[in-house]
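Shared between the two complexes below is chain A, which pairs with chain B and chain C, respectively.
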Partner chain A sequence: MSFQILLFLILLVLGYFIGTYLEKKHYRSIIKREAELNKLPAVASKILPSGSESFNQTLVMGNVTISVDYFKRFLATLHNFFGGSVTSYETLLDRARREALLRMKSEAEKLNASLIMNVKYETASIYKGSGSGVGSVEVLAYGTAMIPKQPIV
Partner chain B sequence: MKYENPLIPEGINTTKIHPLKTLLVLMTGLLLVLIMSAWLLGIGGGYLASKIPYAQEKRLAQAYSETAAPRTEILNYLQALADKVAKAMQLAPEMKITVHYVAENVENAFATIGGNIFLYKGLLEKLPNENALAMLIGHEIAHVRHRDPIVSIGQNAAISTGMMLLLGSTDTGILGSTGLLTQMQFSREMESRSDKTGLIAIERLYGHVSGALDLYKVLDSISEANPLDPPQFFSTHPVSEMRINELSQLIKDKAWKEGAPVTPFPKQFSTWLSES
Partner chain C sequence: MLISNLEIIPDRKVVKHLGLVQGSSVRAKHVGRDIMASVKNLFGGELVGYTELLSESREEAMERLIQQAESVGANAVLNVRFSTSSVAQGAAEIYVYGTGVILE
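Moving on to the complex of A and B:
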């Protein structure tokens, strides 16, 4: 019994420090890449702009799976007991959405796209049924990249 | 048409409260819930257990009848003294007291279900006279009379069952483990009440109370010698002084005699102890 409690505390402390470190590192990377890719707008609009005949259209997507650390999962268990917003999962979902969008944008950038239209998100938890095992979230961002046609010389 | 993505400020979709603060608040709440439910379960379980008929309690305690020791002289003496004290306490006839003498150098004595009383050699060696021993036995018989052992088991069983359901832990036996039967905890109220009932019986038996409080002096010196591991009798630390004061007050109120000569142990008592 005391061994289990000790193991739990070690996992909790490890989860907290490692999880916080990785999260900060990830956020630094996200903010840096968001500034770089800001020149490529991604919008939710479905209506093609005028002059769209001069664009090729192709599907682009970015997909990410992020797991939650032991500390956050424990905190979420407590939230589940008392109710209220599960604040410990907020950064997890925020990071996953932004990372998926960034991956989509960098794919579009490789294709020399100038705009991504009709952007959508799909979110899935990939731990359903495994009880209190892993807690991971998958976010898929997809949209239509507008690639300017090369002028025919 | 011009499209652009503005730079969205940080921290819109995430909480600003530090996770450790959230943890502290939620853990405090959870602990309060657990303590409250344990308290309520304890009260409920103790109440229900006090309604268990004594015959049923004796059936639960059958494990002790097998360990009955051979009739040594020391056991005969202790049993005879216990019977006298029980008679003075006007114990119900179905509550038969069975004394168990344990020849171990442990300074301990306790009562458990089915009227079984365990006295350890280590404690008996330290007692100065028969009155102190009678007070010790009286206190333990009073526990039996108040049904404290079964109530304590009922409380523990209710709490461990409740916690098992709530926390999903599986390593808690309800009544199976003998550890629960012998390591029961009596509350401060139970101890104080048994002190008084015991002392009243001693006064009735000897016609005075001299020597009875010697027991508490002995126990006090033992718990001072082992502050980390006080005898079970004084497990409700640190109220030993308070308990002595309560008894002194009772003696004063009833104007009981204190100066009368104490009854010594039988001559062979120390021989019996050293031989066992």
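Moving on to the complex of A and C:
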């Protein structure tokens, strides 16, 4: 019994420190890449602004699966009891969405796209049916990359 | 084959609608990845194995969609959407669907 409590505490502490470190590192990398890819707009609009040049289109997507650490999952269980906003899952989803969008953007950048239109998100929780439920989510971002046609010289 | 999730492609006209085309794929990961994932689940962070699995699965579903579109004679698939559902623990179904059309 005391061994189980000890294991629980160790996992809690490890989860907290490693989880926080990984999350901070991830956020730093997200912010850095967001600044780099800022020149490529991703919009939810379906209609091109009038008078723009002609484009080739192709579907681009980016996906990522992220999980929360043990400590945050424990916090979420507490939140479930008392109610209120579950911040530990909010950052999880925020990270996943931003990362997925960045991956989609970098795929579009490789194709020399100048715009991504009709961006949609799709979220699925992996690990359904195994104990506590949520834990990890998969986010897919997809849209249509607009690639300017090369002018004929 | 033009694949897009736009309903209207600028500068191009739809000559004929050929109806819904679809592709799906169900995949499960192998045990090694599952163990790695449960370790990662303790510390948080990206589950690379799952990301790869799902994107491979999506590619396969997409190939099936394209195959079906070709067999009905479409040259483009518009308004493409994705849908994911976890069928059982560790297995996910990826479903892609769209409208097969002939563009001029």
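Heads up, the rule we're going with is that the second predicted complex is superposed on the first by the 148 of 153 C-alpha atoms of A that agree within 3 Å, B and C clash if a C-alpha of one lies under 4 Å from a C-alpha of the other, contacts with A are read in each partner's own complex, and residues count from 1 in each chain.
What we mean here is this: a contact is a pair of C-beta atoms (placed from the backbone, for glycine too) under 8 Å apart; a residue touches a chain by one contact, two chains touch by 3 or more.
Please read these numbers as outputs of a predicted model, since none were measured by experiment.
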Clash-or-fit label for the pair chain B, chain C on chain A: fit
Touching partner for A:Ser106 - first (chain B), second (chain C), both, neither: neither
First, second, both or neither for A:Leu14, with chain B first and chain C second: second
Touching partner for A:Phe82 - first (chain B), second (chain C), both, neither: first
Dominant contact partner of chain A by residue count, chain C or chain B: C
Contacts of A:Lys46 with chain B and chain C, given as first, second, both or neither: second
Touching partner for A:Gly143 - first (chain B), second (chain C), both, neither: second
Chain B versus chain C as contact partner of A:Asn63, first or second or both or neither: second
Partner chain in contact with A:Lys120 - chain B first, chain C second, else both or neither: second
First (chain B), second (chain C), both or neither touched by A:Lys72: both
Minimum Cα separation, chain C to chain B, after superposition on A (Å): 14
Residues of chain A contacting chain B in one complex and chain C in the other: 72
Of all residues in chain B, those that touch chain A in their complex: 1, 3-5, 7, 10, 13-15, 17, 19-20, 22-23, 26-27, 29-30, 169, 171
Touch list for chain A against partner chain C, complex: 11, 14-15, 18-19, 22-23, 26, 46-48, 54-55, 57-59, 61, 63-70, 72, 99, 117-118, 120, 122, 124-130, 135-136, 138, 140, 142-144
Parts of chain C lying in touch with chain A, wherever the complex brings them together: 2-11, 37, 40-48, 50-51, 54-55, 58, 80-86, 88-89, 92
Of chain A, residues touching chain B in the complex: 1, 16, 31, 34-35, 38, 41-43, 49-50, 71-72, 74-75, 78-79, 81-82, 85, 87-88, 90-91, 93-94, 115
